[in-house]
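Here it is, the structure in full.
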Amino acid sequence: MDQTTTRVANAALRKLDNVSGATVLGCLMKRGYVHTWMEGVRPLASGRHLVGRAVTLRYLPARPDLQQRIARGAEGREFNETPRWDALERLGPGDVLVADAMGRSLTSTGGDVVYSRILTRGAAGLVTDGAVRDGHRVTAYGFPVFAGGSTPTVGEPFILPYSVNEPIQCGGVLVCPGDVLIGDEEGVVVLPAQLADEVADEAIEHEQMEEALLEHVMERRISPKTFYPFNDETRRIYEEWKERRGG
Amino acid sequence: MDQTTTRVANAALRKLDNVSGATVLGCLMKRGYVHTWMEGVRPLASGRHLVGRAVTLRYLPARPDLQQRIARGAEGREFNETPRWDALERLGPGDVLVADAMGRSLTSTGGDVVYSRILTRGAAGLVTDGAVRDGHRVTAYGFPVFAGGSTPTVGEPFILPYSVNEPIQCGGVLVCPGDVLIGDEEGVVVLPAQLADEVADEAIEHEQMEEALLEHVMERRISPKTFYPFNDETRRIYEEWKERRGG
Amino acid sequence: MDQTTTRVANAALRKLDNVSGATVLGCLMKRGYVHTWMEGVRPLASGRHLVGRAVTLRYLPARPDLQQRIARGAEGREFNETPRWDALERLGPGDVLVADAMGRSLTSTGGDVVYSRILTRGAAGLVTDGAVRDGHRVTAYGFPVFAGGSTPTVGEPFILPYSVNEPIQCGGVLVCPGDVLIGDEEGVVVLPAQLADEVADEAIEHEQMEEALLEHVMERRISPKTFYPFNDETRRIYEEWKERRGG
Amino acid sequence: MDQTTTRVANAALRKLDNVSGATVLGCLMKRGYVHTWMEGVRPLASGRHLVGRAVTLRYLPARPDLQQRIARGAEGREFNETPRWDALERLGPGDVLVADAMGRSLTSTGGDVVYSRILTRGAAGLVTDGAVRDGHRVTAYGFPVFAGGSTPTVGEPFILPYSVNEPIQCGGVLVCPGDVLIGDEEGVVVLPAQLADEVADEAIEHEQMEEALLEHVMERRISPKTFYPFNDETRRIYEEWKERRGG
Amino acid sequence: MDQTTTRVANAALRKLDNVSGATVLGCLMKRGYVHTWMEGVRPLASGRHLVGRAVTLRYLPARPDLQQRIARGAEGREFNETPRWDALERLGPGDVLVADAMGRSLTSTGGDVVYSRILTRGAAGLVTDGAVRDGHRVTAYGFPVFAGGSTPTVGEPFILPYSVNEPIQCGGVLVCPGDVLIGDEEGVVVLPAQLADEVADEAIEHEQMEEALLEHVMERRISPKTFYPFNDETRRIYEEWKERRGG
Amino acid sequence: MDQTTTRVANAALRKLDNVSGATVLGCLMKRGYVHTWMEGVRPLASGRHLVGRAVTLRYLPARPDLQQRIARGAEGREFNETPRWDALERLGPGDVLVADAMGRSLTSTGGDVVYSRILTRGAAGLVTDGAVRDGHRVTAYGFPVFAGGSTPTVGEPFILPYSVNEPIQCGGVLVCPGDVLIGDEEGVVVLPAQLADEVADEAIEHEQMEEALLEHVMERRISPKTFYPFNDETRRIYEEWKERRGG
């Protein structure tokens, strides 16, 4: 699958910094993208907003012969899982590592030593439907972490990293390399790269619209019953709100 | 089912303000009411105590023909889900919206715009075994929210509100309109309306009893081994405690 | 099973006070102990580190005839569940009550009155794969509590305590009386008594090693890619780190 | 919800006698009816095809006061659950009892004595997302039974029948009174009453089409790769097949 | 727990040979024994009725030190799991092996070589909430097998047999040594030893009663609506039925 | 991963025709291959033994842009899922299609028209952790089918085929192209290609050994207690058995 044509610009990412994943998801639903929210993937630390381009990593169930093939390290270093390191080294500012652990929320994909590389590469964060080892130490680095869980166990007997930057599933959702991930308290929404720019603009306007409507109902203590779908009344409220704010 | 005969007075609700759901549940067990705790329904924000009379809302699985029938809105406003608005408009101080979402903890029953109406009606809170959309925005309103989860997804393709103020299930428990809901860190207990007054009194005394017994064992660093079931010894400890407090 | 030969000294427990369960688990994996982490057992309050010797308590499904046999209390006190009290009275400083509730994470094993005894005995904490009744009141005592959940319900109709200080399962893991339990944000790891001393030493060194390596990569903003398995390079980094710290 | 306008004729039911639930579901998908298959509802005896109009029965969680209200029997006959009997007495040839047991696949909705009434009313069968008590005795009556499971337990302590012939959920799917249920090895598909006639015709043609295509590929040992979506080639094959059969 | 006082006679077992587990469960409910049906334990081969006295075997999670302790075999035979053999050697005609595998329905408790001993001891059957290895070979022996599942995997890395003839849980239900197990298509019901005789008699009469009532409604094509709870009418029908049969 | 070096000969497959998956799994455990049994993948029709080389097919979650990319069919034929057809066309005698549906046991991977191609290619069978549409029609073809389930639903809105003959997971187990799949009543075991020959020989001998031991214990009505691990005694019994058979 050719994913190289679209690279979402940092400017587009910044537009999404204050947008809720729920709003992005609403914009995607309208375009027929109905499965964009990862099930079972939750923030390990609350209050952090994630926006980043996906660098994808795919895990497979472990097997002795697979382990030998993917090691490719120096002599005797059989746990040096090169695909994982390949993925980490590709990360830069605005990028997020997205690891398909086949939904095994109790199985570690890495811990604080390995994931220190996300910090030192200046990347945006980490998303996996597997677990993070010693998650409370990884969240201490400060970047947003979304995972199936946190665990003290080691992953190698169960799963192994296999390939980098191909389309994967994560949390039951398709993630293509370069797709934008939006993470907040409600988890992670995947925004396909080619839609990032237009959805970002639409999402910002939608959030302003709802801010305007909420101010309106709160001031008057009235019901928002007639607001959906948006209509002449809501557009009028929104225009007045923009005027007041602009004034 | 005729539920109109009993309306729990606000005074009875206030008596329950400092009572644990666990204590109410214990009182109900003694009366043969064994299933009164909602499974899978948790506080979205901790540290908030809910006491309120149920206004019930029942969801059903979505279907195109059902959607047309329940819209009943103006021309073309097909998402105007009237039963949900009917329920919200019935709320007043001391009331809580209880929504049977058939236990679908990942499916939204509404978000911050819709549930602003709970705030502007001055109602006590929200309980559902479904999800709340963008829950962290709804909890920002300050009222207690108990739900199966928080999600960025929209509910309309999956569930639709169907009827108001009939008996429902929520979290596997029967809720009749007017029943009292007690919510705390451990979730939600349903207190049938006709028992509210007598259970409130009994629960307050039970909590005092346990407070007395706990003070007693803590001071003396002894075991509460002989306290259950309550007996002459525990009554003596309780009487002394009341005397000390009263004196 | 003869467990009386090894009693882990308090000094050994203290060595584990700053060690992560993940590190202990890693040491145990190397020795062929592969199932040592309790699934589904989580801290009810975060930020508390548990280290303690297990006093075990085994629950069984409730049945009227079983209830009569285990009551052994005075006349009419049929809820006086003696095995539970036997277990609580055996607790002392450095001990932790570990209750096998057959993985029933919604079923209460006890509440704030019963578990006040853990506090007044000066014990280290509580671990169960069942629930704690009114968990937010039990965590208020300050000792670490790890459980399958918190509930307002009562356990007697469903489970009954049956025996004390025999090998049990808890969270799917074997716990022998006297085994050491390590609890932190990621849950509970079981360290067999006879290995406690040697694993404690190894774990401390391993944590220092990783601290040294992490400082190294953070300062230089480099990848820890070549660190596993430990090798000449990592040993050199570690030795330099110890020297600097010692100097 | 007004369901009385459409009553599916027996002739329309007979058209569906040889049609697979999968084919009906495909026809419904094209019309935007995407959730029509009951999850977790399976045939208790294989090889029986169900086609019938729904008479719906809704269960609620049991509670002592609910039990008193729905008994409405003679003095002391408190287990005479009238709504269940109301539903059974409405059954006639071509009708099927559909019981919403809130997805409790282990909880009995009735056993061989109660469900003998389906046989003596000459009805088409039984569908529930709850369990059937002593299912192997009920299947011995010969009519098709689709359920969440079979159990020796009794349902009264857990669920109670509450209302008849209102819209319900069953297996996560909406069922309106009068809707047509198609049951086979793969479980139950719900066909809305107002679509029954047109879908029946379309389904029969679709099945003939696929029969023609399968004969074609089997004879020639070729791939059906170019058959979907249907096109000029497939129509030609179908027309030839009809001619041969007609000839 | 002293279970040696009651040994259910073979004559009492024979009385239960034609009784449904559902009927036994109903008799136990009336006596306050509410949890007697094993969840998740199903017949591996259908059409076989099990009645037998429990010889209990308790498994625990595997651990290297536990394995050494329970081996007790000759030199080097570390997989000779003595508690399992102890249990098997205690079996005689009318006995059933009941293995508590902690509900791990995918984990083997033994296969065709080990369980050949049930056949050669002339025992009544096998019940476990774990799995049977190569179940289709074990069912070929002809005795009834009830299990959580059938698997090709080996159990030793996960569970180990630990003790014999103590009270256990199996399928979430208490089983004391000597209790009677009734197994049929709906799974397994546990009948406490001390109640076996009286429940057997009551169950036989109950089944005759229902046979009489069913014949009555089938002949007349009428509703059994007024039959529960049993009353003057049902007793009259029953008496007539007995007379006819006796005559 | 280079899988082209080993192609398991048909002669090796034939050696496995009478071998149980359990026996193969035992041989693999000894070689450190511990995860080789697919969880949740069951025979849709019983009594059929599968042995075949894997042609792998990987599904991903559906998304509109992915659907466009993988269609690659003629104009307007957007459901022509080429990777699935690519996989089917690679099948020959002795091959089995293994489809990674990400464990979605309710989601269709294909139905009777598509899977007719397995029959007309003369392939050995079908394995998937997804569902088969109208499974009872697919099993009518006669080849062995192992799947997560059978369903009337269509898969396209949820999953799409993406790539062929790369390593996949299926039922939680690694499957590399060319690996041998053994399927029987207990499900599917994966035998890595490079081990197929040696494991086949060992498995046949192991099954003969157990046949000999079982005959021995059955004739003498004795316990197999001392048989594991195999030893001088078992070897003697086996040699005698071979002699008798050979003579």
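Letters A, B, C, D, E and F name the chains as they come in the text, with residue numbers starting at 1 for each one.
Going forward, a contact is a pair of C-beta atoms (placed from the backbone, for glycine too) under 8 Å apart; a residue touches a chain by one contact, two chains touch by 3 or more.
Remember, predicted model here, so these are calculated numbers, not experimental data.
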{"item": "Touching chain A and also chain E, the following chains", "value": "C, F"}
{"item": "Chains in simultaneous contact with chain A and chain D", "value": "B, F"}
{"item": "Between chain C and chain D, the fewest steps along chains that touch one another", "value": "2"}
{"item": "Centroid comparison with chain B (C-alpha atoms), farthest chain", "value": "F"}
{"item": "Maximum centroid distance from chain D, chain identifier (CA atoms)", "value": "C"}
{"item": "C-alpha-based rotation, chain B on chain E, 0 to 180 degrees, nearest 5", "value": "180"}
{"item": "Chain D-chain F separation of Cα centroids, rounded to whole Å", "value": "34"}
{"item": "Chain B and chain D, separation of their C-alpha mean positions in angstrom", "value": "35"}
{"item": "Residue numbers of chain F (touch at least two other chains)", "value": "34, 157"}
{"item": "Listing of all chain pairs that touch each other, if any do", "value": "A-B, A-C, A-F, B-C, B-D, C-E, D-E, D-F, E-F"}
{"item": "Chain E residues within the chain F interface of the complex", "value": "74, 76-80, 85, 88-89, 106, 111-114, 116-117, 119-120, 133-137, 150-154, 157"}
{"item": "Touching residues (chain side chain F, partner chain E) in the complex", "value": "20-22, 24-26, 29, 34, 37, 39, 184-187, 189, 210, 213-214, 217-218, 221-229, 231"}
{"item": "Residues of chain B touching chain D in the complex", "value": "1-2, 31-35, 60-66, 69-70, 102-103, 157-158, 162, 167-169, 172-174, 176, 192, 194"}
